[in-house]
Amino acid sequence: MNKFVWPVRVYHEDTDGGGVVYYANYLKFMERARTELLRFYGIEQTLLKQEYNIIFVVRQLTVEYLKPAFFNDLLNVVADTTKQGKVSLTMEHQILRDDEILCSGDVKIASINSITYRPQPLPATVINQMRTKCKS
Amino acid sequence: MNKFVWPVRVYHEDTDGGGVVYYANYLKFMERARTELLRFYGIEQTLLKQEYNIIFVVRQLTVEYLKPAFFNDLLNVVADTTKQGKVSLTMEHQILRDDEILCSGDVKIASINSITYRPQPLPATVINQMRTKCKS
Amino acid sequence: MNKFVWPVRVYHEDTDGGGVVYYANYLKFMERARTELLRFYGIEQTLLKQEYNIIFVVRQLTVEYLKPAFFNDLLNVVADTTKQGKVSLTMEHQILRDDEILCSGDVKIASINSITYRPQPLPATVINQMRTKCKS
Amino acid sequence: MNKFVWPVRVYHEDTDGGGVVYYANYLKFMERARTELLRFYGIEQTLLKQEYNIIFVVRQLTVEYLKPAFFNDLLNVVADTTKQGKVSLTMEHQILRDDEILCSGDVKIASINSITYRPQPLPATVINQMRTKCKS
């Protein structure tokens, strides 16, 4: 099965004085790919918030940094849903330059209410949208 | 008259691959100093939002970059209110390392409603708080 | 004549607690478009640095913020070279959502030596690359 | 034994449209505390680079996000060295608001050469500086 891949170009904003991408900025790249994967599933976070007051927040994060990315690199960011519950999702990411994995990350995301910040189950229609796409 | 000064240390997050502070990040430093100047006036933005639905947004910005700041520099950021209306403020900033001005900026800020994003006059009590402190 | 336009999607990383794009982050969008415009001219900053020790830094900046951009917006960022000297460039930017200008900015950029941080003229070949493309 | 604590104020730059601190930005707070802990040990990264060509990079990261931090929060960031080798350090962080832990993180850091990006052992004097301070 093919995995979802989102291309990301490295700009000056992403690098630090060490000449490489700043360690927190890889998390931005992973989140861009996650957002686009959700969009590919047919899930627009703007609508989730408007219609259900649901926002996603990160609960847990594990990242391995293997090799640095540099200014101007064209990276591929893989996003893959590995677990899918009613109030949480687990996603796996790899960030690649050509065939080389520079960075990998596991991210556990919770579905919460945007006002109370308490867990709120995803609507059944949204879960079904994800299941259908994940299997295909 | 003494001007309000806020110290800012430069960390890796602030620099880019050129080895200097990234040009957009000086704006973060200026905004930190503005936030602290408002706090010095007795104005807490959290309360402005809760009580009046007022948030501040930047309308106009002019920045001159004279010399670069580097990792580990301890900077002083000056914030000074130069104009003060009911729905807008103008602030002047200088960013200094020792006696040297690295960067200066003029920022025009508007008071808007946090829901409609339309201009909303600052309450008289807030304007008075600023006036009293500015004169002193 | 058509202007160079670079699309930018707004992600969570770009927004702030006011629910809109943080004012300093529009500068990142403008710089992405500038980088891609230079690439369109055939100018790779990585090579400029390796071969000539030249990096670009921003000297002056004027920005007008007209309307806010929100999470998930797909923006178009215009980059246009309006002046072109041996040691400096002036670029104009507009950031649009559909036909609406949200933000405009003039940026003066200097060509400096990456070690001494002093002005260094762009090589004639680079200036010619820009001129040829600008006229077309 | 007392742990090293560094205060961090949350500004608009740190928050996102969800109204809370953006998940990647907690890593910036942890890194500020790490930088200041190293300074407390007597280790200036600027000198490490100038004298030994050594920079620190993050190899591995685990973060738990328990509760959100908001604009204007005054946080305390704990930094503690839990393992200390010749080419790597492990640090533990907690981010607190009053007595409440909002976020905790384990970070494994490597000492590398700033030119080759390969592991480079810390000089004995630096290791001794850390040992002396850690015991006290």
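Each chain gets a letter, A, B, C and D, in the order it is written, and its residues are counted from 1.
Keep this in mind: a residue touches a chain if its C-beta (ideal position, glycine included) is under 8 Å from a C-beta of that chain, and two chains touch if they have at least 3 such contacts.
For clarity, every value in this text was computed on a predicted model and none was experimentally measured.
Student: Please identify which chain has its centre, taken as the mean of its CA atoms, farthest from the centre of chain B.
Tutor: Between chain B and every other chain, the largest centroid distance is to A.
Student: Report which interface contains more C-beta contacts, comparing C-D against A-D.
Tutor: It is A-D, judged by the count of C-beta pairs in contact.
Student: Could you please state the distance in Å, as a whole number, between where the Cα atoms of chain A are centred and where those of chain D are centred?
Tutor: 24
Student: Can you compute the centre-to-centre distance for chain C and chain D, using the mean CA position of each chain? Integer Å is fine.
Tutor: Result: the chain centres lie 33 Å from each other.
Student: What are the residues of chain A that contact at least two other chains?
Tutor: Within chain A, the residues that touch at least two other chains are 12-13, 18-20, 24, 28, 31, 70-71.
Student: Which of the residues in chain B end up touching chain D in this complex?
Tutor: Touch residues, chain B against chain D: 9, 11-13, 28, 31-32, 35, 44-46, 70-72.
Student: So in the complex, which bits of chain D are touching chain A?
Tutor: 18-20, 23-25, 27-28, 31, 55, 57-65, 67-68, 114, 117
Student: Using the touch definition from the top, list the residues of chain D that touch chain C in their complex.
Tutor: Residue list for chain D touching chain C: 12-13, 15-20, 22, 24, 70-71.
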